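These are the structures in question, set out in turn.
Below, chain A partners chain B and then partners chain C, in two separate complexes.
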Partner chain A sequence: MFASFLVNTWIVATIVAAAAGVVGFFVVLRGNSFAAHALPLGTFPGAAAASLLGINPLFGLLTFSGLGVIGISQLGKAGRPEIATALSLVVLLGLGALFLSMSNEYSQATYALLFGEVLGVSSLEIVPVAVVSAVSLALTALLFRPLLLNAVSPELAEARSVPAGRTDILFLGILALTTSAAVPVVGVLLVFSLTIGPPSAARALTNRPVRAMLLSACLSLLTVWASIALALRLGWPVGFFVGGLGALAYGLGRIRMECVRSRRCRARSG
Partner chain B sequence: MTRVSLLLSALFEPGWNSSEPVLTAVVIGGGAAVVSGVVGVLTVMRGQSFAGHALADVSSAGGAAAFLLGLNPLLGFLLMGVIAAAGMESFAAHRIRERDLATGVVLGAGLGLSALLLYLDVTSKSTTGAAITVMFGSMFAMPPSVVPLALAVGGSALLAIALLYRPLLLSSLDPALARVRGVPVRLIGLCHLLVVAFAVALSAVTVGAILSTALLIGPAAAALRIAGRPGGAMLLAAVIGVAATWGGILIAYDSYDWTGGHGWPVSFCIVTIIFLAYLAAGCPARGKVRAAARPGKAGVQAAGRG
Partner chain C sequence: MRGESEVLAVQRLSVSLSGRRILDEVDFALHGGEFCGLIGANGSGKTTLLRTILGFVTPTSGRVVIDGGHRLAQIGYVPQKIVLDPAIPMRTRDLVGLGLDGHRLGLPLARRARRRLVDAMLEAVGATSFAEQRVGELSGGEQQRALIAHALIRRPRLLLLDEPLANLDIKSIATTVSLLRRLALEYRMTVLLSTHDMNPLLPAMDRIVYLANGRAATGRTEDVVRGEVLSRLFGEHVDVIRVHGRILVIAAGAGNGASADLERHPDHVVQVP
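The block that comes next holds the complex of A and B.
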């Protein structure tokens, strides 16, 4: 499990999970689940195109997640955000189907791209992933207050001269950076599980934003480590464990929230 | 006369309407487009695009399971979709952010399951293309035996919409008013998700799980930009959907000749047509908004957007 050829995997997974946990706190707070799902899934054609052109897949992923951000924000001007998200997603996936049909070595590579691959991380890939994750973490730290204010009360944020539109686009950008760095390990379909499962459990455990964010990063690390360990042990895909553990975290968090609420009600009536 | 037949043979490749896979694709694809268009209008009005997309993705686990057990793929998609719809509705909360989160969690769990089942497909049956088939569809590789079941599924979804039309519409537009009028809003919501699961299962078999959102949301969103009434929008969405599907099948079939025997995937062609239709539908609508905004209605517009 800790063989030398797996060291890279553990390093990349740790970086990626910490970033996803931190950014995921805002995803849950702002209710951006659909975008958190659509942006990484929309990077699918990027990876396919990169393998067609023979360049580093991360550049393809970043390009197409950038296109996703532009699509969501531009189409969102004319219609409702979820329709804009759905349409940008399907257009990108349509392109993915096209690129897929052009390349020949598709089956196994496609599966790894969709659902994650533990073994395929080379040491050359670590640096870009680390840089991208560091940039997204730095942006989150820098914009912490405006993001929080905008999520909790958009009106108050406008009054304090935090423009809602620009904040939304900036956050989508951060989300795109974070998730596209995570795609090679967890796969396009299950990255978002990492950005909503652990944070939704963390939010049930504490009311303070900074503490919830750190807790969410810790839970996300635990999820990824456990998933990789189980995947290596049983030989099953990582995505299965990430999705399952994410749902488990959400379920436990929800139960705890209900308990707290009912206790509070009882205390009030008693 | 000869000119017409020349034109037709240029437009429709020879063999277009005699080949059985193409006919099956035309029938099932058209049916899926009609059902998705009608159901999609309600889905878009209720703001449940994410749930519609999630149901499609989760039902892919059923498709993978059907692959594994050698069942009819549509049956697998359908069963898993119904289970996921029930799961989402039982998790659902009143606030939209919370509802989206619950949808996302069910989606994550379902995709995880799908990852496992597809992996088992690949290892136990050595069907290497299973992931592609389930996720991106296999329109020209559908067995004709799917047709009766597909027609039954589509018909029952349309029947359910027709029976529940008024309460569904009322609870989509104004849940509070519907509750006052004695409409069981939660039950109606569950029925709606079940119908979406039916529609999505049907389109997942044709254009694939992750692209069936295009048939559900695209035509409906385009139609709602043009039509004023829900009934008219449903009709228009069905027409746009069918036109896009058949046009996509035609282009995909013809493209084998244009690109030197390489062909474009059907799903790509369909999605492109749907997206163009959505953009085209926006042009008159935007003109209308501008015209309305001109005589000093800025306040009303801002309130509408807020």
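The block that comes next holds the complex of A and C.
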């Protein structure tokens, strides 16, 4: 499990999980779950195109998530963000089908992209993933207060000179960076569970914003570490455990929230 | 209040939104420490006027002058009907703290000076007892106090509130009005508060901006809330009756489509067929 060829795996997974947990905190607060689902799926043709061209898949992922951000924010100006998100996703997935049909390593590469490939991450691949994740982490920390105020109420934020439109685009950009870095590790389908499960558990466990964000990162790390360990031991795909543990974290958070609420209700009435 | 400097001047302000004229040459000025009610029915342009003062809406003609340079640094704002999500991990004191530095970059550090400012503000609005509770789980009146503290912590010279009394029970309405009156005096701050019913404001309000048909009648309350002034504004005959410290405005329904007119009247206006 801790063999030398796995060192890179642990490093990359740790970086990616921390970023997903931190950025996911705002995904959940802002109600951006659909975008968090669509962006990684939309990056998928980018990886297919990169493998056609024989370049680092991260560049393809970044390019296509950038296209996704532009599509969601420009089409969303008319006022229906979920339709804009769906349309962008559909167009990008169409391109993905085309690129995949041109590729001759169809099933192997596709499977890795969809469900993640933790084994055999090379040292060369680590650096760009680490840089991109670190940038998205730093941006989220930098914009913490404006993002938080905007999540509470875009209008309150505007009154404190935080423009709503620019905040939305900036956050989509951060989300795009995070997912691009995470896709090769946990897979297209399961980045989403990492940006939703741990943060929704975290927000139920504490009342403090900074603490909730850090807790979300910790839960995300635990999820990924446990998933890799279980995957290596049982030989099942990492994605299965990431999805399952993400849902479990969310479920535990919900139960805890209900308990707190009913205890408070009883305290009030009694 | 005479002799105080002019804090807000709205000068012949007209605003059209998607081709419809909302405000028509609205003109008034507020001085330091004044408490002004912005009265009008739903759809009379109260929110548009407040948003134009904030700079969120660009006027078609006329202008808004705020004394002392940068607009948003001088204005505190409590928007209409904010729904605070109970799932957001945020205490009352966090929301108030964001009023101080929510536009700043970086994580909020627990500095002692910041904590002292937040504590003082919570105390001033009577929110100390629920300072550590989640804002989304507070009652309507408590949330209103948290939002007022959020808006006031930077000590703005002008406080704008959009329908802060809607959805509050009668007791919370009275405490909110007297709280605002007290804060206005304490901080030498000008308050402009919109509402569709002027009666709860009568003990506090010394100026009034009465909106109808896009136009405004403005001045001291006793000068504006008079039959001939409001008749001119509504474009039909109305009587103003004072009973038990309340004001009733009786519209006689001058014949031309009385039912359509009824919808344009604020709550304290009674239609008599």
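Just a few scattered comments:
Please note the rule applied: the second predicted complex is superposed on the first by the 269 of 270 C-alpha atoms of A that agree within 3 Å, B and C clash if a C-alpha of one lies under 4 Å from a C-alpha of the other, contacts with A are read in each partner's own complex, and residues count from 1 in each chain.
Please note the rule applied: contacts are C-beta pairs under 8 Å (C-beta built on N, C-alpha and C of every residue); 3 or more make two chains touch, one makes a residue touch a chain.
Nothing here was measured: the structure is a model prediction, and the numbers come from that model.
Once the two complexes are laid over each other on the shared chain, residue contacts for A:123 go to neither chain B nor chain C. Shared-chain residue A:148: touches chain C; no touch with chain B.
By the touch criterion defined above, A:85 lies against chain B but remains apart from chain C after alignment on the C-alpha atoms of chain A. Looking at the shared chain after the overlay, A:206 reaches chain C, while chain B stays out of its contact range. Once the two structures are overlaid, the count of chain A residues touched is higher for B than for its counterpart among chain B and chain C. Contact with neither chain B nor chain C is seen for A:74 once the two complexes are overlaid on the shared chain. Within the superposed three-chain model, A:197 lies in touch with chain B and out of touch with chain C [touch as defined at top]. In the superposed pair of complexes, A:156 makes contact with chain C only, with no contact to chain B.
Residues of chain C that touch chain A in their complex: 54, 56, 72, 75-77, 79, 82, 84-85, 87-91, 94-95, 98-99, 101-108, 132-135, 137, 147, 150-151. Of all residues in chain A, those touching chain B in their complex are 28, 30-31, 33-34, 36-37, 41, 78-80, 82-83, 85-87, 89-91, 93-95, 97-98, 100-102, 106-108, 110-111, 114-116, 187, 189-190, 192-193, 196-197, 200, 236-237, 239-244, 246-247, 250-251, 254. By the touch criterion stated above, chain B contacts chain A in their complex at residues 44, 47, 49-50, 52-54, 57, 91, 96-98, 100-116, 118-119, 122, 128-129, 131-132, 135-136, 208, 210-211, 213-214, 217-218, 221, 225, 262-265, 267-268, 270-272, 274-275, 278, 282, 285-286. Considering their complex, residues 29, 141-146, 148-149, 151-153, 155-162, 202-204, 206-212, 257, 264 of chain A touch chain C.
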